[in-house]
Structures are given as C-alpha cells and as structure tokens.
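What follows is a pair of complexes built around chain A, which joins chain B in one and chain C in the other.
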Partner chain A sequence: MPVVIVDGQEIEIGADERLNCIEAARRAGKEIPHYCWHPGLSVVASCRMCLIETGQRDAATGKISMVPKLVPGCQTPVKDGTVIVTESPLVKESRARVEEALLIDHPIDCPICDKAGECLLQDYHFEHGQAERRADLHPFTSRKRDMGPTVTLFVDRCIMCTRCVRFTREISGTAELMVTSRGAKEEIDVFPGHPLDNKLSGNVVDLCPVGALGDKDFLYQQRVWFLKREANVCGGCSAGCSIFTEHNQDAVYRLKPRENPHVNKWWICDDGRYGWHHLHDSSRILEASRKAVRPDRRDNGSVTPAVETIEWSDVVTKLRADLKAAGRLAVAVSPMLTIEEAWMLCAVARSIDPQAWLAPGFVPVTGNDESFPGDFTIRAEKCPNRRGIEEVLALYGAGGRSWNDLVAHVAAAHADAAWITGGYPGPWIDTATAESFAGLGQLVVQDLFDSPLMRLASWRLPAAGFAERAGTWVNVAHHAQSFSQAIRPPAGVWPEGRLFWNMLGRRGLYDPVSVRQQIAGSSAALAALAGEMPATGVDLRIHQLA
Partner chain B sequence: MQPFKPVLLEAVGVPNGYTIASYKSRGGYAPLEKILAEKQPAEVVEMVKASGLRGRGGAGFSTGLKWTFLPKDHPGPIYLCINADESEPGTFNNRILMEDDPHQVIEGIILSAYATRASTAYIYLRYEYPQSWHRLEAAIDEAYAAGYLGKNIRGTNFSLDIYLHRGAAAYICGEETGLIESLEGKRAWPRIKPPFPAIEGLFHKPTVVNNIETMACVAQIARRGIEWFKSIGVPADPNNPRDPGSYGPKLYCLSGHVEKPGCYEAPLGITARELINHFGGGVWKGRKAKAVIPGGISMGLMTESELDTPLDFAGPGKVGCLGLGTAAVVVIDDQTSIVDFLHNSCRFFAHESCGQCTPCREGTSWSLRMLERMKAGKGRLKDLDILLEIGNTMGMMPGSTICGLADGAAWPIKNAIKKFRGEFEDYIKRTNPSGWMVTDPVPALQIVGAH
Partner chain C sequence: MKPNDPAITWLEERPLGLSERLYLPLFVQGLATTARHLVSPKVTVSFPEQRPTVGNPLIYRGVHRLNRDDEGRVKCVACFLCATACPAHCIDIVATESPWPDREKYPESFQIDELRCIFCGMCEEACPVDAIELTSLLDLTGKSREEMIFDKEKLLSVFDMTKDAEPMKSASMGGTL
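Here is the complex of A and B:
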C-alpha cells in the first residue's frame, strides 16, 4: 500500500486511490485550510490558502528531497513516498499573508453578516491570520446585488474562490454566474437578463466559504450559532437526498445538504431546500377529531360538520373500536410514511380486521425526472418512500397493488371502512376521487392539510411532516436511509409512528430502531436493514446480491 | 563592436518588403520547399534543437526541446499557437516583423508546424495591432495562393491552415495558457500546470505555443543553417551546466530616454551600454542613465553601474533581474523619480492582474495603493518593508501564484526598493515630514453603512 508522510506521520492510502494533499492530510487528522477547492468541483488552485511544502521520499535510500517552493495542496496528487509538511514556518507565513490579502478589500461586517459563525474567512483568520492589520486602506464598501429569486450577492465580501461560478458551469450546467472585471476589481455577476434561476441555485450559498452569497430564504432569520442540526432525509422526491435539518426551538430555519456519495453527493435541489415551509403552515391540522353524534350546523346553506375533539390517549382505543364496529377495512399506506410506520400501520390494520385490504397510498408525480450535468437528478415522483412501503406491503401479502386499486376497491363497495394515511405537503386528491369514499361507514384520514377527502372523513387525524418523523425511507435506487426526529410536531400532535406504536399496545416511547430490526428479521428483501445503519444508508439490492 | 548585418530585419526599409515577391527575391520559401522535399519532421526538430534556438517570447526555453515534449505518435490534431499578443511594456519587435516581413514569420510557422506535425496554426494577435492584422492577413492569402498553405503543400501529404485570431486586449492573454484559454473563447485565466500544453493544451489537444520572433528565427535557421546561427551570440557557460547558451540574432527594442529609440537587431550578448550608445545614440539630452529595464518592465531594473551586463538569456539574472524577457530595453534618465517609475509599474500590473490567485490579485492592488499614498505625501518607511515583502513572496517562483505575471509584477518592486531604497526613503521623508516614521497598527475600522 502507498504510504504518505504527513508532518512526520506515516499513513497508508488505498493502492488505487487518487487523493490530493488536502485529502491525504485529512486522513492523518491534519486540516489544510482551503477556499477554492471543493471535492465536487474542478480544481483551480487559485485561492492559494492550501499552499504547503511537499517532497518525495526515495523508496530505495529513504532520503527525502523537498520541492524548493510552496505548492497548492489541492492540485498536488499524493503517491507512495509523498511528504507533506503542513506546519512549517514558511507555510504558516504564507497562510497569514493570504488571509491578510483576502481581508484587504473585505468589509469585515461580521456583526451584520449571515455567515458569521460558519465563515471560513473568520475561522481561518483566527487560526492562521495575523493580529495586526497592516493595510490601512479605505474605504470599505458593502454593496448588495440581486442574483436571482433565491440568492443575494454581497459583492465586497467575496474572496473570488469561484466555487459558485464553477458550480453553475459544471453541476447545474446553467452557467448563469461569471466573473467580471479584472484584478482586485473582480466581481461575481450574472449575465444581463439571465438571473441565477435554476433548480440547484441554493447550492451556491452552501459552497460560498464566506458571506458573499446569501440565501434570501434564510437571510437575517436566525444566527447560525443558535441552530441545531439533525441528520435527516429530504422527503421532497424519491431521490431521498441526505440533508441536515437546522432548527431552533422546534422551528426549522433551513435545510442543508449532507454529503452522501451514494445519493446526492454534496447537493440538494431548491424544491427540497425550500420545501420545509409547510411544516410551519398555520392551516395544518393539529387536532384529532371525529364526527359528532349531534347534527351538522347549517347557516345560509353552508354546512359545518359537527365534530368532537378526541384526546390522543383516547384515539388509540376509540379509533380501534370504531373501525372494528364498521367491518371490512381498507388501508392506504402513504409513501410519505417510513417503513417502520408502514409496517406498524399494517400490523394495526390486521389486528383490527385480519382480512384488512392493504394498498399503497397516493403517489404524487409531477412532470419528468430532471437531470443535471453534475450527475444529479430531481425525481418526478414527489414522495420519498414508495419502494419502502411496497416492500412492507409485500410482507403482508399485499404486493403489486396501487392507489387506484384501492379507490376501485372502495368504489366497488368491497370495504365498509377505510384508513387513508397522507402526510402530503400540498393538495393531492380531487373532489371526484374523494367522492368514491363517501359511502363508507368509517373514513379515517390522517394528513397534514384539509382536502376534499378530509372533509368527508369521520375521523380526522393530523399527520407529521418529514422532519417530525423517525424511521427509514427507501429511495428510487433502493437505497435505505434511517433518520431520527429533528423537531417535535406542533401542538402535541402524535406522529404516525407514535400512534401506531401505542395502538399495537407496545410499551414506552416509539422506538423505530427496534421496529426496523424486527422488519429486517422478517423479510429477506429488507434484511440489509439489520444492525446499525451507516449515516449514508445501505443499498438494499447490493446486500441481496451478496 | 563588430559590424552586424541585420537578418531578421532584412526587409525593413525595402519597398513592398512585406509582399511574397519581395520575400522570395530575398531567398524566402526556397528553404521550405527544400525541407518539405528532403527532410522528415523529426529532422527539422533536430535541426532547431541543434541550433540552440531559445524561445524569444520571454522565458528563453529551448524551442526544439519544447517540440520534443509532444506525445509521440499522437493521432492528432496537434495545434501550433503563435503568440503575437505582444503586450509587455516597451516591446515592439513582433510588430516590426509582422508589419514589415510577415512572410518570414509565416515560413517559420509552416516549418514549425511541419516539425510538430500540426495541421492547424493559430496566430493570436494583439488586439491593438491593426496594421499587423492587415499585413498578416494579406500575407496568409498570398501564401495560400502560392501553395505554401492549404491541403497537400507542394505535393507532400503535409497540410496546414493558419488562422489569424485577434486577441482579447489584455496583458494576461500573452501568458501561454491564458492565450490558450482565450483562444478557446474563455476568460484568459492561466491554467494550472501540469498538464503542460504539450500534453494537453488547446481544446485538450497537444499544443505548442511559440513567439513570432522565434518563428522568424526558425525561418532563418532553415535558410542559413545551424552553423550560421551558432556563430552568433554567447556560447554556453562551461561552469554552469544549466546554461544552454544564447545563440543567434535578437531584436532589441530600445525606448525611453535615448536619442534614437527603435527596434535594433544585434547578436545576443550585446551589453546594455553598447546598445544604448551604439544604436540608441546615448541617453538623451546628454544626461546619464539612472536605471535601465533589461527586457520589459517585468524583468526589473539594472542600475547605471550594471549596464555592462550582457543582454543574453543568462546576463540580467546575474544582477538580480528576472531575465532577458522580451529584450525591450527602456532607459530611465537621472532626472526621473524612481518612485514615479514604480508607481507606473504597479499601476500597470494592478490593472493587468487577471485576478485568479489571491497573492497577485491583492498584492498588485495593495502595492499600487501604497505607491499612490506615497505619491500623495503620506508614505511611511514601513511601507517599503511591506512592498518588499509583497515583492519577495508574490509569484510562481515562491510558489504563491499559477502564472508568471506575479513574478513580473514583483520584480520591479523588489529591484526598485533594493537598488534605490535611499531614494525612496528620501522621497518619503521629504514628502511626509510628520508621518514617515509612523509604524502604528491600523486604527479601528470606520462603521460600515447598513445595506
């Protein structure tokens, strides 16, 4: 195995690994500071922050010969015998000078900058900069420029790493951003009449190592040091991108991509990134209720259904009793549910009616898959777990069905009661389809928002949003990822998992891990879910092949 | 000094010397026909290598050796780029060649393309050279008409097309890989190396970038032979294994404070003093030289006492200059302030820095702003130390930048301050009597206005 020497420490790298000095040093626990380099983008070696000293150890004699000048770590590949020096006086001086140079034209307006607290310029300056500012040059300016619907550029904070420009050229393929002017007058800009407006635009904000590119959605909403982050999975489409949900006091403030080489690499799309606002929508259904025995109220032709609010602890028993009394049960298992929730829902349904007819819930599809040059695809299927619930349904002998089958099943009067799970962030069912469910003895609808179906329901149950769930989703490529609950749902709402857990009579708090282990033990197709789940998830098919 | 008959500048002063008829009457294109008929490309490479021809664009790298870096048996295409983006301040030798003897250049290009197996050559012409554009365009048309360009030249299976490309009017476009980027239609940001252009250059294909004057030299080597070429100039220093010698004639651009500025052809190795006195008629108005730029502003400064330095590829380096560069000798007389010179130099590089690498982008701009402050009577002695630090740390040689523009920006700064520090100190003390000694750190920043 090739051996690389980082500050005197020998580390082994893989025989066919192609690492640069930054990556190799990281293996040895040494951080080489860098701005312009990003593993997902081409190498330009222009910020010069990662300058280090390198050399080569002669395999035969063991003698080390050093390169007589500084080299950029990002551009220098390592091979057997490469010597990397990251802490020499020359390297430290060079870093201090680059920091000083970058701050010459920087407004240093950290108190009003959104990036403060997670800014590489700040971090590196504390670590590598010099205390005294030698360049007494005035004035500082702080200009703002609109880049497009999602991003604002704070022109003078920019350090010209060009990550954003490269992103729009190499990953989104839209090339809206460019560099104008020359030398110290350089600025990032868009072409006139062509704003930064693509489905991946928010990623340039993540890429920006300083506060130059601001996310309009997040701008001035929260100081980053108040935010807590939870590893999560985006529920916006069947790609299932790994994300961090960043929240404070049960309020989500932003979503950030979480690096996952198997799924989304370093990126997420804007649909996902800004697709959390429905969690805090004031029109969410927050109470469990059922149709009251008393008659509906009628004023001037409008009908207000008479409902009674049910305490969550009573839902467990009353719902079971109502459904048991109704007779033949049909259940729609929503593809927004985690496989743990789906599995428990099926178990609950079968415990109420051993012949319960199970089928997938509605699968929203919008347009076609959108692919980008940087090997990133936004899926047309706008739900995260169709593959997962299908596997679970197959376990219950209900494979190969669809939502339309369920609608037909109910319309043909094969069911006396239906339990429809939802969790959809927007409108999903039209009145005509909903009418098919009108004649049922009991209709349980569990969803985030009101809908034509919800209006017909005898039982109205709130659902949880994506960041409020815990469990496992299986994406379009059969890649399973587990995640835990990031925020609590509003107003004491029970997420589906908690309700099903209690309806199954299980003790204590809902524990998705134990459910997952149980599922893995009972299904060959889902056996890969057993044991500890890596942060980047597992591929169900690869485990089957093995 | 020995009388020297111009070779490269043969056509200067000849009526209609830029036409193909005139060029052929001087023996032009005959060597090309002979070589196409008799020699293999490898033999032409060998010929140029043996002549010791070093690139005339500034770096002085062996032309023949550069050609051998191309991959062997490459399926092609291989590109030949001719760097005619002559932007180094004080330099105009390419312009003379292109305007007065374009066919000499074109013959050199055809020979070089034959040697490198390139079937396409691009001339990247400086935007501000309209006359060169017209002359080259007409000359290329003549060469096509005469069958020296196009398909199956002179009945061989060698074909060549030359495209004339008008540049993007920036200094950085003359940098080898900046030129390639610009030719591809991009911003002329120099590329990181490796890969070198010989392996992956224009359109990701093997590419050779050569200077206009180098092409003229190739034509003359083909016409007059290796022996002739090696008889001119300075042989290799036997004590320095890294010195391959400086052979051949060179076009020196003499400008600044001399009586007769102009482009003069002389053997490599002529001293700056000989050049100024013999060709330039001495420093103007009977004054003395204070400093001389040996080869374009980016090469730094020689003092009056260093004027006997031979202007060959090794000479200027021995007195602390960057090198021979483009051999554009600019004379600065003793009435000129060196502060003004450095201010002008810094202004140029701050304007022309491409802005890619942090040390150059910010260093050139910072040094300009310090010089501006100095000239506004607010200079401090401490500024000289900072300027020197910028000069010592900015560039490809310390490793802090991608291309050599930063070295070129750094050299005038460090040469001027090292060689003329006394004058800078006098200037600062005289113009800033109350503040020259301030070394305090910078006061707290002003409050930034809200957005």
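Here is the complex of A and C:
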C-alpha cells in the first residue's frame, strides 16, 4: 500500500486511490485551507491558499528530497513516498500573504453580510491571517448585481475562486456564468441575455466560500448563527437527496445539500431547495374534525351536516369506532409517508378490518426525469417513498397495486369506508376522481391542504410536512435513509406517526427506530434497515445480492 | 466544601474587651452616626417631583434609543449583533433591503422589550455603527406590557427627545463611523 507522510505522520492510502494533497492531509487530520478547490469540480489552483511544501522519500535509501518552491496542494497528486508539510513557517507566511491580498479589495462589511458566521474568508483570516493590516482600511458597501431569479452577486465581496463558473459549466452544463475583465479588475457576470436560471442555480450559493453569491430566498432573513441544522432528506422527488434543514424556533429558513456520495453528492435542485415554503402556508389544515350529521331543523326534516373539532386523544378512539362501524375498509398509503408510518398504518387498518384493502396512495408525476452533465438527476416522480411503501404493502400481501386500482375498487362499491393519506404539498386530485369516493359511509382524508377529496371527507385530519416527520424513506434507487424530525408541526397537529402509534395502543412517545427494527426483523427485503443507520443511508439490495 | 476541608482556616471568636462588655461606648458611637446624618446634606430626593442628578450620562444605562444619521434615517444596518449579544433576548429585528443606494439593509422593524431588558448595555457595546445607545432616561413606566415593547418609531423618538441633551457618544468615545 502506498504510504504518504503528512507532517511526519505516515498514513496508508488505497493502492488505486487518486488523492491530492488536501485529501491526503485530511486523512491525517490536517486541514489545508483552500478556496477554489472543490471535490466535485475541476482543479484550477488559482486561489493559492493551499500552497504547501512537498517532497519525495526515496524508497531505497529513505532520503527525503524536498521541492524548493511551494506547490498548490489541490493540484499535486500523492503517490508512495510523497512528503507533505502543512505547518512550516514558509507555508504559514504564504497563507498570511494570500489572506492579506484578498482583503485589500474586500469591503469588510461582515456585519451586514449574510455569509458572516459561515464564511471561509473570515475563518481562514482568523486562523491563518495576520492581526495587523498594512493596507488602508476603507469599509464600503459592495456593488450588487442580479444574476437571475434566485441569486444575487455582491461583486466586491468576490475573491474570484470561480467555483460558481465551473459549476455552471461542469455540473449544470448551462454555462451562464463567466469572468469578465482581467487581473485586479476581474468580476463574475452572466452572459448578456442569459441570466442564471437553471434548475441547479442555488448550488452556486453553497459553493461560494465568501458572501459574494446570495440566495434571494434567504437574503436578510436570518443570521446564520441563529440557525440549527438537522440532517434530513428532501421530499421533493424520488431522488431523495440528503439535506440539512436549517431552522430556528420551529420555522425553516433554508435547506442546504448534505454530502452523500450514494445519492446527491454535493448538490440539490432548486425545486427541492425552495420546496419548503408550503410548511408555513397559512392555509394548512391544522385541526382534526368530523362531519357530524345532526338533525338541526326537525320541522321540515332536512339535516345540515355540522363540523365538530375533535381532540387528538379522542381521534384515536372515535376514528377506530367509526371505521369499525362502517364495514369494509380501503386504505391508501401515501408515498409521502415514511416506511415506519406506512407499516403502522397498515397494522392499524388490519386491526380495524382484518380484510382491509391496502393500496399505494396517489403518486404525483410531473414531466420526465431531468439529467445534468454532472451526474445529477431530478426525478419526474414527485414523492420520496414510493418504493418504500410498496415494500411495506408487499409485507401485508398487497403488492402490485396502484392508486388507480384503489379508485376502481371504491367506485365498484367493494368498500364501505376509505382512509386516504396524503401529505402532498400541492393540488393532486380532481373533482371527478374525488366523486368516486362520494358514496362511502366513512371517508377519512389526512392531508396538508384542502382538496376536492377533503371537502367530501367525513373525517378531516391534518398531515405533517417533510421536515416534521421522522422515519425512513427509500428512494428510486432502493437507497434507504433515516432521518429525525427537524421542526415541530404547527400547534394542534399530530404527525401521522404519532397518531398511528397511539392507535396501535403503544405506550410513550412515537419511536421510529423501534418500529424500523421491527420492520427489518420481519422482512427479508427490508432487512438492511436493522441496526444503526449510517448518515448516508443504506442500499436495500445489499442483502439480496449476498 | 466540607467543614474539614484543609483550605478552611478556623478562627476562634475574639473574647469581648471591657468597652464592648460595657455596651455604652458602642451605643454612643451609634447615636453619633445618627446625629451626623441628621445635619449632613440629604442624598435622597423626592422623586418624581424632584429629579435625581445622573452622575455621568455617557455611561448611564437607561432607556434605549436608535440614532439617526445626518440625513435623519435610522442609523441601524440590521446586522443583528445587538440581538446576538443580548443576554435577555429582548431585541427582535426584521431586516430587509434598504431603499437607499449607500446602504444594503436596514431594519424593517426593530423592537425592544423594555420589561425583559436588564439594561446591561451589551447591545450598545456590540453595535458596529453606534446606532443603538442607552440614554440617561431612568423613569420608564407604562400601563401595559404591550406599551413597554418599544418599536422602531418609539426608539427613534427617544433619540429626537434626547439628542440635544445627550449628543451621540460616537464622537466623544471613539466610534467607528
């Protein structure tokens, strides 16, 4: 195995691994500062922050010969016997000079810059810069330039790392961004008439190591040090990208991609990134209610259905009683549910009616899969867990069905009651389809927003949004990821998991991990879910291949 | 710390001397203190008819104000550093893009809950543009809790009220802008 010496510490790397000095040093626990290098982009070695000393140890004699000049660590591959020095006085002096040069033209408007607190220029200056400034200090306001519908450029804060330019050329393949002028006058700009409006545009903001590129959606909303982050999974499409939900006081402020080599690498699409606003929509359904048919005016015999609000603790018992009284039950298991919730829902349904007819809920599909040159795909299937619920339904002997089968089943009067779970962020059902459910004795609809189906429902139950759930989703490539709840749902809303947990008569708080262990133990197809789930998830086919 | 801790030195109480046992000298001493204060100038005032004098208004920590710049606009740049420094979490700011070309953002709303505030002065110290200051106004009263939540307009009016008596501290105290 090749051996690399980092600051005197010998580390082994894989025989066919192609690492640069930054990656090799990271294995030894040494962080080489860098701006322009990013593992997902091509190497330009232009920022000069990662300059280090390197050398080569002679395999036969053990003698080390150093390269006389500093070399960029991002551009220097390591091989057997490579010597890396990251802490020498020469290296430190070089870093301080780079920092000094970058700050000469920087506005130093950190108090009003949204990046402050997560800015590499701040962090590296604190760590590697010098305390004294030799150039004149002229704090000023950065010029603002509109890049497109989602991104604003603060021209003077830019340090010209060109990560954003390379991203649009290599990953999104749209190449809207460019560098204008030369030397000290270099600036980022868009080509005239071609604003930055591709579906991955938000990623350039994450890539920007300083506060030059600002996300219009997040600009001025919150200082980053107030935000808490929870490792989550995007529910926007069946790709299931790993994300961080960044929130404060039960309000989501932004979503950021979470590095996951198996799923989304370093990126997420704009649909997902800005797809959290429905969580805080004021038109969400917030209380559980039941349409009670009461004779209001006895004189002429007409009855007016009144809606009564039901306490959650009563929902647990009354819903069960109503469904039991109604007769044959049909249940739609929404692909927005986690597999834990889906599994418990099936168990609840079968405990109410042992012959309950289970089927997947509506699967929203929009357009076609969209692929980008950087090996990133936005899926047409706009739900995160179709594969997961199908696996769960197969456990209950209800595999191979679809939402249309359920509609046909109800329309053919094979059911007396239906329980439709939703959780869709947008409109999903038309009036004609909803009418198929009109003749049922009981119709339970659990969804985020009002819909034609919701208006017919005898039981209206609120649902939880993606950041308010806990559990496991299985994406289109059979990759399962577990996550916990990021924010609490609005007051008065029980997430589905809590309701099903209580309807099953389980004690204490809803614990998705115990449910997951139970599912893993009862199914060969889902056996990979047993034990501790890694942050990047597991491939469900691992056990089937072996 | 336990009573037998070696760090503790135990001292015996000193036995009373003759004058202490007689009691009378100490009694006279006490009476003398009372008599001295009877004839010396008073330090208390009949508040609120009479106003107490504030020693140094520059370092007094009373009601907050939001300073205006030369053009009469709010000086605050909505950087949230006061809200970050505040140990009582009494400052609530909503930032938005400023309507002026020379400024990037400004507070759309700026509220201080004066009931929650502990008047520590950390906000004044954290402010990078000397926009928030504590005045020497010390009698802060209101009839409801809502009334004691000062919004931007009210904080600016405190500035208008006090700017002549107490000029902005930045010039005399080495401010940044």
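In the analysis below, the second predicted complex is superposed on the first by the 528 of 546 C-alpha atoms of A that agree within 3 Å, B and C clash if a C-alpha of one lies under 4 Å from a C-alpha of the other, contacts with A are read in each partner's own complex, and residues count from 1 in each chain.
FYI, a contact is a pair of C-beta atoms (placed from the backbone, for glycine too) under 8 Å apart; a residue touches a chain by one contact, two chains touch by 3 or more.
On a predicted model such as this, the values are computed, not experimentally measured, just so you know.
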When both partners are placed on the shared chain, which of chain B and chain C touches more of chain A: B
Touched partner set for A:R134, first chain B, second chain C, both or neither: first
Partner chain(s) touched by A:R223 [first = chain B, second = chain C, both, neither]: second
Chain B versus chain C as contact partner of A:I159, first or second or both or neither: first
Chain B versus chain C as contact partner of A:N368, first or second or both or neither: neither
Touched partner set for A:C47, first chain B, second chain C, both or neither: first
Which superposed partner A:D109 touches (first chain B, second chain C, both, neither): both
First (chain B), second (chain C), both or neither touched by A:S142: both
Contact residues of chain A, present in both the chain B and the chain C interface: 109, 112, 142, 144
Chain A to chain B touching residues, read off their complex: 43-49, 51, 69-72, 75, 93-94, 97-98, 101-102, 104-105, 107-109, 112, 132-140, 142, 144, 154, 159-160, 179, 181-186
Contact set on chain A toward chain C in their complex: 109, 111-112, 141-142, 144, 219-221, 223, 225-226
In the complex, chain B residues that touch chain A: 170, 172, 187, 189, 192, 350-359, 361-366, 369, 386, 389, 393, 397-402, 441-443, 445-446, 448-451
Touch list for chain C against partner chain A, complex: 77-81, 84, 95-97, 102-105, 128-129
